[in-house]
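Residue numbering begins at 1 within each chain, and the chains themselves are lettered A, B, C and D in the order written.
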């Protein structure tokens, strides 16, 4: 098609990328880099089909944004050509600040939140593009006066979540994560400047929130996935501590050396330059080499990760007491021969909280049949989704596994 | 389920892996390594969803083998427990000898065919397992006296092809590649020791062969994919020539240094040991680093690959004459400043042949309604699939692209 | 396949029906009759794809029963050949007593519950078959001592519900009704003689119950569907009252004449004989002819149904008061010219109750990780599904619609 | 959505019908009548899922027309609002002249081609609508000067065929019929006033033609389906001959009485009036009643159809000789006791021809990479699809089956 580049997507059929600014952004190394970042980090160890990239997800959100704009226009809400472009760009770039393995290393290797990095990158691109991303940045930051445009990109029922539920459930094969995204899109509207959904979409919204909760516990926080992530985080923490970087790529070396208490402001540009260079590849390559590291803890963890010998995990409804935890650590010391400090790092109790729906300021808005605009929690059955659920993941090395590895 | 490990597959639902020998093989580092080898090599540059691994494909073939055995047994063909296990193992391991990016580097980086490596690996595993893979190896080699079991694993209508068509079409979104694998499986039978298909499956077989042809030209030999593969092969050839390995992992270093004229026999073990260590990661990491190599050709090719600035490709029905080819090379010399020899490597004319169906010894066998066993080509409409189709791919650097890169 | 008849199913691929008793039942006129009964009655007026038959659904439940038996056997629960056959027959025949338009006319045209009719038909078949259905009948009645086999056929998480959710969501296109039936099947087990599900299936069970609730309100009790059903029931009630049967087929004539206070026992055989003859066709044909009936109410309702001019519906959270209802009736009298009694029948307030999950005796049983058997409500998040939800549907003729029709 | 009515479609997600003229046509009794005509006639006896209606198919073609127009406009081909409406109306109504069981009774019960009836109905509607369908009729007749608009509605690669392949393969579960309709739509263009496809779509076009051929033989002309159709045609011919209409609805009675040599012109209006009243229901109801008819041939055929005891069919590559045919007839006379004339009607040899692709005037046009417009047969691999394939279906009553029935 003239003026359009077509990309295949097994979920939506075809994604149409207009030539010009948007295709230039897709072709930009910053965006192409997302090809090398898996959407679900280590999740493919549990769901072998879930190897899809953040690149494809970002294109998916872009695609949904194009559709949403079209629907809102059909409902007579004026969206200018500039606004439409800005929303789709914000959708496209919303995850561009993700580091290797997406969320896994967000607070360890790269000690910054990905949203902050996304913003810095958008600003850097904007400078090159002489301000053509001004509006997209406003929308990404949630500052644009037409708040409904911002909510498409970030809210409790945004296009990001719609795409990732569609995509993660498709690639993992967890069909229970299926949502009626088509229906949700069609039921979108704008009222008093707010993004609202027609009451007729009520059951679909409940289903969407339920699907997200299911995916959260079944896929994103699958116990084996959490175990693998813990191991990876421990390994990188240890490397930072020992300044062990013999096998690291130059960019990864930079991040291992990076001081958490750095004054970011002063060296944003250099940091971004390095950040652009790392992706899953650097970490995977490093892991593979670390199997042969001298430090026994590092090689122990690396072997476990590469050969899929993950720590054992118990999922608990409540925290275990200090004493039980200590007992585990002692077992670890005795059976596996680690030191006290090391056992401390290897035996971990993670508390994981999840709130499928947050009441308060950021509610999803519903237009009732009587044309009133009310928060979703008022008329939908969301009570069971509005409480924080907490689970405790106790991870520790398997004695048997160890035997094999050493 | 007791005695069974369940794996999610978006295509077949669940794959059931019996604990014991088979799960041990799945968990073995040799097999886990396939997680890091993309089924379609560089194909995901064209079809962004096609990032699925050879690991998942191998499990898929294993799954189909389990189903095929069950169907043959229901049709009263005795398959012993040992034979069943051996067939499913041969199915599982049939691709274990694939190197980085599957077929792409088969004849450049690792100068051996993947089938040979698969066999060596199976033999190495068999030694560890004290002969428990003897029968699987017989079947893989096609030597077992019950030839129909061998044909399930390797023939013109085998489980390998069924799974890869299912899987590649699913992940790429090229729905035209859909085949009726369920129907094909159900129509399998054994007659005079041969694997045969009932005549009722005739249209499904024609459709299967047509789908394979379509996937061949549309996906596997997509012109952009061929261009990327040429670039990657050229880059590695150059590195071998210059012995440029500064950024390579130790295992990759070994293969760059490897002499094509080596006496394999003498060092199979060492070679396998190194081979086990390389996968897509090593090559991707190397590529990323090569962007900053001193050699201008290497950095030129690496940048093109990482930033998705591939060479231009023209697909032709017949070879172009020497003169035209020379003209292109000269353009390359003049516009881009390469030397004569270099231009020689960068401007390539590849002839690609494809035969969707081969008549002769290896025909698909059909049991007609009159209970005669005849080769498929005799009663199906296969004439148009039985001729070799040839296409010529002319690849050369884009002047404009270059400008951007340098 | 020898000994097996294969039927295509877009949901499960192939359904394998063993020749012999089971295929004979499938081929029996009693069962073939289900081809002419739409699974969702008038639901296809709202979801045009949902024209699938109860015949296909019954085959689907049969298929799932075959799979469930296989899974239980793999988990070392002995199921004899006879039991397996009986369970799959009970699954196959569980709906054989459904009358025209499934549930719609269950309490008006045929004044008996379909379960009772199913039982009578199974008993009649059993007599012909000289007792070969004895065990299937025991299981259908829930009396067989291995209660887990009975629960496969009828319980809060039975194969019937799994298939109808799969099927109704597939054909209607309401993707939110998708359930993880494959996972549910795999997580089935037997403990202390009870059918139990592993705790790992918890999220899938919650999702299944949520999907059923969604389908209930969105599809089965869609307001337009309820409106159409009301109209059909009113029409048939009127015909019964007036003994209007001029256009009815002989079998339909019998049911129109049927006295509600009949002594069933004495004429079961004759009733069954007539029942076997009616299906959707009789009622549809009758409806079409009733458009030209002399009675204005009958023709009014028939035209509305055939030409898709349904009554208006308002869905309310609570009952409206008598006065408002009376007002509607008066409007109906004034604007449309009906008599008081007629308006009484045309303006209806239906209360519809739904309980997505019933606590108490009939709970779904869960085996916890600690190997305890507990009711699902104790450890899953089911509170919001355990209360009866009530909605009120107020249906009344549209003034405008009428104008067109008369 | 304001101004739009949304219909669920499991294939395309949602179909958007604009209120106004188009929704009025959808709501019109002429169009609603298509709900009661199964797309595949008796095909659901073989593929139990294939019970979808011509109503849904017509909406599907309408949907594709909307998409095609949008794509052509994006490619800068001006399509006026009036033209767009007319094309989508022509797509919507293209099958409105289909009688009961679609093609089955086209030349027996209603002795007119459905295209002719479609035209008459469109003209009748146009009169009511005071000429608002003028343009749609021009397009339907293929007379409109922008021929590419006509070709969307009727050609060798039109939207009708795309939808029915999509839909019939979806509902029957014959996945081999899957086509890349999304790709085909996207590759459409207009050149020199012609509807053309880009050469890049070549493989998809070959696949589409192959899929149509497969569906033709596997589904549309499935031997059991042909057998059932023969029986139905014989039954109705016999009823016409005997003027047996005791159980027929008034409209069906009219068609049974209809004289083939009637002067249509003089009573088009009355004929259409009756035609509007018959659909599958009339014929099914009639069939059910005919089981109890006095004429033994009629009851024999009716019982066979209702109880799914179809005639035996042999599919042959060439015609059998007169003598063999006669022998069959004699067997029929002897074993089943039919008279000579009757046996003549019951034993039938049908020759069925199919041409998957027609060369000549009506070719699909391709725009080559060099921007030349050539017929598809010139550059695609269509030779094997361009010859007429003939099969002979020999149908005759089963002796055994008969035993059961009488």
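In the analysis below, a contact is a pair of C-beta atoms (placed from the backbone, for glycine too) under 8 Å apart; a residue touches a chain by one contact, two chains touch by 3 or more.
Worth saying up front: this structure is predicted, and the values here are computed from it rather than measured.
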Labels of chains that are neighbours to subunit C and to subunit D: A, B
Chain whose Cα centroid lies at the greatest distance from that of subunit C: B
Which of A-B and B-D has more C-beta contact pairs: A-B
Length of the line joining the C-alpha centres of subunit B and subunit D, rounded to whole Å: 43
Whole-Å gap between the CA centroids of subunit A and subunit D: 50
Centroid spacing, where centroids are CA-atom means, of subunit A and subunit B in whole angstrom: 32
Residues of subunit C engaged with two or more neighbouring chains: 13, 174, 182-183
Subunit A partner contacts - residues on subunit B that touch it in the complex: 7-11, 13, 27, 29, 32, 35-36, 44-45, 47-49, 51-53, 55-56, 59, 170-174, 247, 249-250, 277, 281-282, 284-285, 288-289, 306-308
Residues of subunit A defined as touching subunit C within the complex: 174-176, 178-180, 182-183, 203-204, 206-207, 210-211, 213-214, 217-218, 381, 383-384
Subunit D contact footprint on subunit A (complex, rising order): 1-2, 4, 6, 13-14, 71, 74-76, 182-183, 186
